[in-house]
């Protein structure tokens, strides 16, 4: 198949129309793309991000370590578990502790539930950008199943704030395994319908084939992450490169597509949904018994805290966890979230607040695509590229 | 009382009745409301939800569209300072009115039509080509980049679908050997429905109409996620409501032509004789035509639930490539049918 | 990859070939018939929310209520609150008590989790309506009272279903 | 894991540096004039992508440290997954050569470091604000330590309404 649908452009000054897509535009999120178009062809594109910037890195410096978890999950609340897990892992690296195995499995389960929900969200937006309202509704409707499951596990639909350094906040609720398996069975059936309605729909196909092609070399050069880079044929998944949680113990495949166009990115996401289901099935069956918080902190539990843990299976926040003082030093951690790799770099000066937290979100790294890939495409390709990159402005702006 | 009788006489005066009440303005309004409601309902059913429901759940939310209409009617009409005012105001109104004009020559029964002419097919086909020009005017007058892009897309599309529609209509009049709707329907009653005689023409016409009235997947000229609302980005209030209605009105008119050319017009209900003039010559055949047109229109709005939208170059490629050839093939098929009829 | 052993691994896949005319027609027909099928047999998951209310899952982090008798006034909850929604005040001399501002609360449940005497707890209510912003600031009296759910609503239990995804079972019929 | 190797680079990567104990990142310290050379060396070894480019402000030591995290896709075995380049800069008028000609992926990150810390990247073709408003934050450098964000007291003040922004 032909990879190139880009059209040769010439840079001329006159006859160029400047179109501002966003930030108040049905086709973009809270961001603006300044397009210079020659006829229907984009000559130059400049992403203008930062409309939902909250300076999280600065805010994090003024709060205790665990208090930053609800802050960071507001980068992408649809993917809350994945985007805070990196921060918690970075703290754990500073402290030099590892969560117990059961906690690792619970983390994996929630991370995968979030990945599915996040992919469905992204593809829903993608579908509506292509004008396919049915798939938008279907993706969002089916996402509800996984949001519901996450709610049963964590107590909140989206903003889970589910991790403590060294463990998780709650154990699996009773009956969770059955419900999860039912949900998986339902979703496997739905995936077949998605194929007919969306992935193999000739209209959608013609919109995606060859659009937004990013070559293998260009992908590495631009430093894009997540499903986008894997759709360009680069073998990079943090779950394999730097294994965390229970991933190294589970049997799953990370799909790689060579084509690098919007279609490959879409298929990539759908394949990852399948793999996520596989991971969930295994994780919920193989989950070991045991504590869900590191014993170092369990030892410090008072009687009330222990009672609650035993009766309600809820890990209370021991003051030792709240007044965490990691030793002086730095550590980085990264996780593979739905949209790609979250990178956290924390610097501790031994105080109860972080000295510096650096977070690089996948959408921020992906936003560079608009500048370097859009030129040479038609204006109507913008939604297809924007959607297939699965760009999420609040995540990019932090 | 004389005044009341005069008024009733005036209303029932065929040209006025025809153009204002049935199948003119009022009927088209009701039809549009029904169609938009059923479009939302159909999409809702396919999309795991209800569609309009909150206003009168027992009536499945049917009064919702009344509410929408009232809202559009009462909303402030904002005319931006930067627009070219006269064409900006005239374009949607004129487009709506002209979109209904072909009804002047489309018969709803052998006797129920205001203008009798030998070339009614020709006139109807000619009149249907005007509203898109006014859409382009609306976009141009709006002085907005999105409107401009929208009307540019419309102007690309118009050439594509108009030529297909005109070719198909030509092939059918070739088949029936007439340019008069009445004779075309008579020919179908004598022989077979047009859709059986020339199915290729029927499919081609169907797709071209979807393209022309911006139904999915050809909803390119007002693609919301790309160019906001196309040519109508700057409109508000009742002007926007009118602009929204244009494509539905055009679809209705195109589908009346579809029914007359392909679906046997007023048969089978038109053949019933009860003795009552109004029943025989207006209600039964009229209902027969209208119901068929509604069913075809529902089919067209159903595609919203299945498709996304094409890119403009895909639509042009499909239009000038595949469907243009199909239109030519349909002429060939008509010729073959005419030849076969003469042989047997 | 030829690996078949357990563990995560990469696997290379291919996008299918561009569709031919016949394939396209076939997929058009398939998509249209799937749409028709769903039209004939709708599979709705709409919860008619204000009229029907779901039973929240066990352990749902809903609104927070203070048990004034248990509270020892340690002010840990106010210190841990990431949104600064919970503040301490002097209810009596040398008796600190928390109050909450629901304009700010993000329902992270940190205060409930840090309370050393379990004086704070969640109730399964998450959708109270306030008439103005001042009502969202709870004083000690409203903070110690469990919020009441509106009456005349159908309670439904959300069940995850293999066929329909989510099913809403009326509570009374169980 | 080779946790005892702190302070010594025992990886196969031919570069001066030390492995950090906490996360196994290779820390390479360099100076502004040598930054480009280090970067080119790393790129030759297959480190194709910058994950993060930022800085840490140390007002007490009177310095600012530019920190670049570099990684590569499909690195040879034995190479550290993450290389951390540290460059000490003065707090007054920090200047450093831009890395954009080595790694395109630093484009937006350098702009971010420029607006957040005021580090000038010489040779960057388009050094403007990216996230912050260029007018409002003309002279403010939010991530420097002298830009203080006040946290609220935990005690209830007279009227909560005053806190509402």
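Observations
A, B, C and D are the chain letters, set down in written order, and residue numbers restart from 1 in every chain.
The working rule: contacts are C-beta pairs under 8 Å (C-beta built on N, C-alpha and C of every residue); 3 or more make two chains touch, one makes a residue touch a chain.
Bear in mind the structure is a predicted one, so any value in this text is a computation, not a measurement.
Interface comparison, A-D versus B-C: the higher number of contacting C-beta pairs is recorded for A-D. Farthest chain from chain C (centres taken as the mean of C-alpha atoms): B. Central chain by Cα centroid: A, whose mean Cα position is closest to the mean of all protein Cα atoms. If you average the Cα atoms of chain A and of chain D, the two centres end up 23 Å apart. Centre-to-centre separation between chain B and chain C, using Cα means, comes to 46 Å.
With centres taken as mean Cα positions, chain D sits 37 Å from chain C.
The centroid of the Cα atoms in chain A and the matching centroid in chain C are 20 Å apart. Residue numbers of chain B whose C-beta contacts span two or more other chains: 46, 48-49, 305-307. Across the assembly, chain C contributes 31, 34-35, 45, 79 as residues in contact with two or more other chains. In chain D, the residues that touch at least two other chains are 151.
Two chains count as a pair here when they touch; such pairs are A-B, A-C, A-D, B-C, C-D.
On chain C, the positions that touch chain D within their shared complex are 75, 78-79, 81, 84, 87-89, 99, 101, 103, 133-134, 137.
Residues 151-152, 154-157, 160-161, 163-164 of chain D are the ones that touch chain C when the two sit in their complex.
Across the complex, chain A is touched by residues 43, 46-49, 145-146, 148-149, 216-217, 219-220, 223-228, 304-314 of chain B.
Listed in rising order, the residues of chain B touching chain C in the complex are 42, 45-46, 48-50, 53, 302-303, 305-307. The part of chain C that touches chain B in the complex is made up of residues 31-32, 34-36, 38-39, 42-46, 48.
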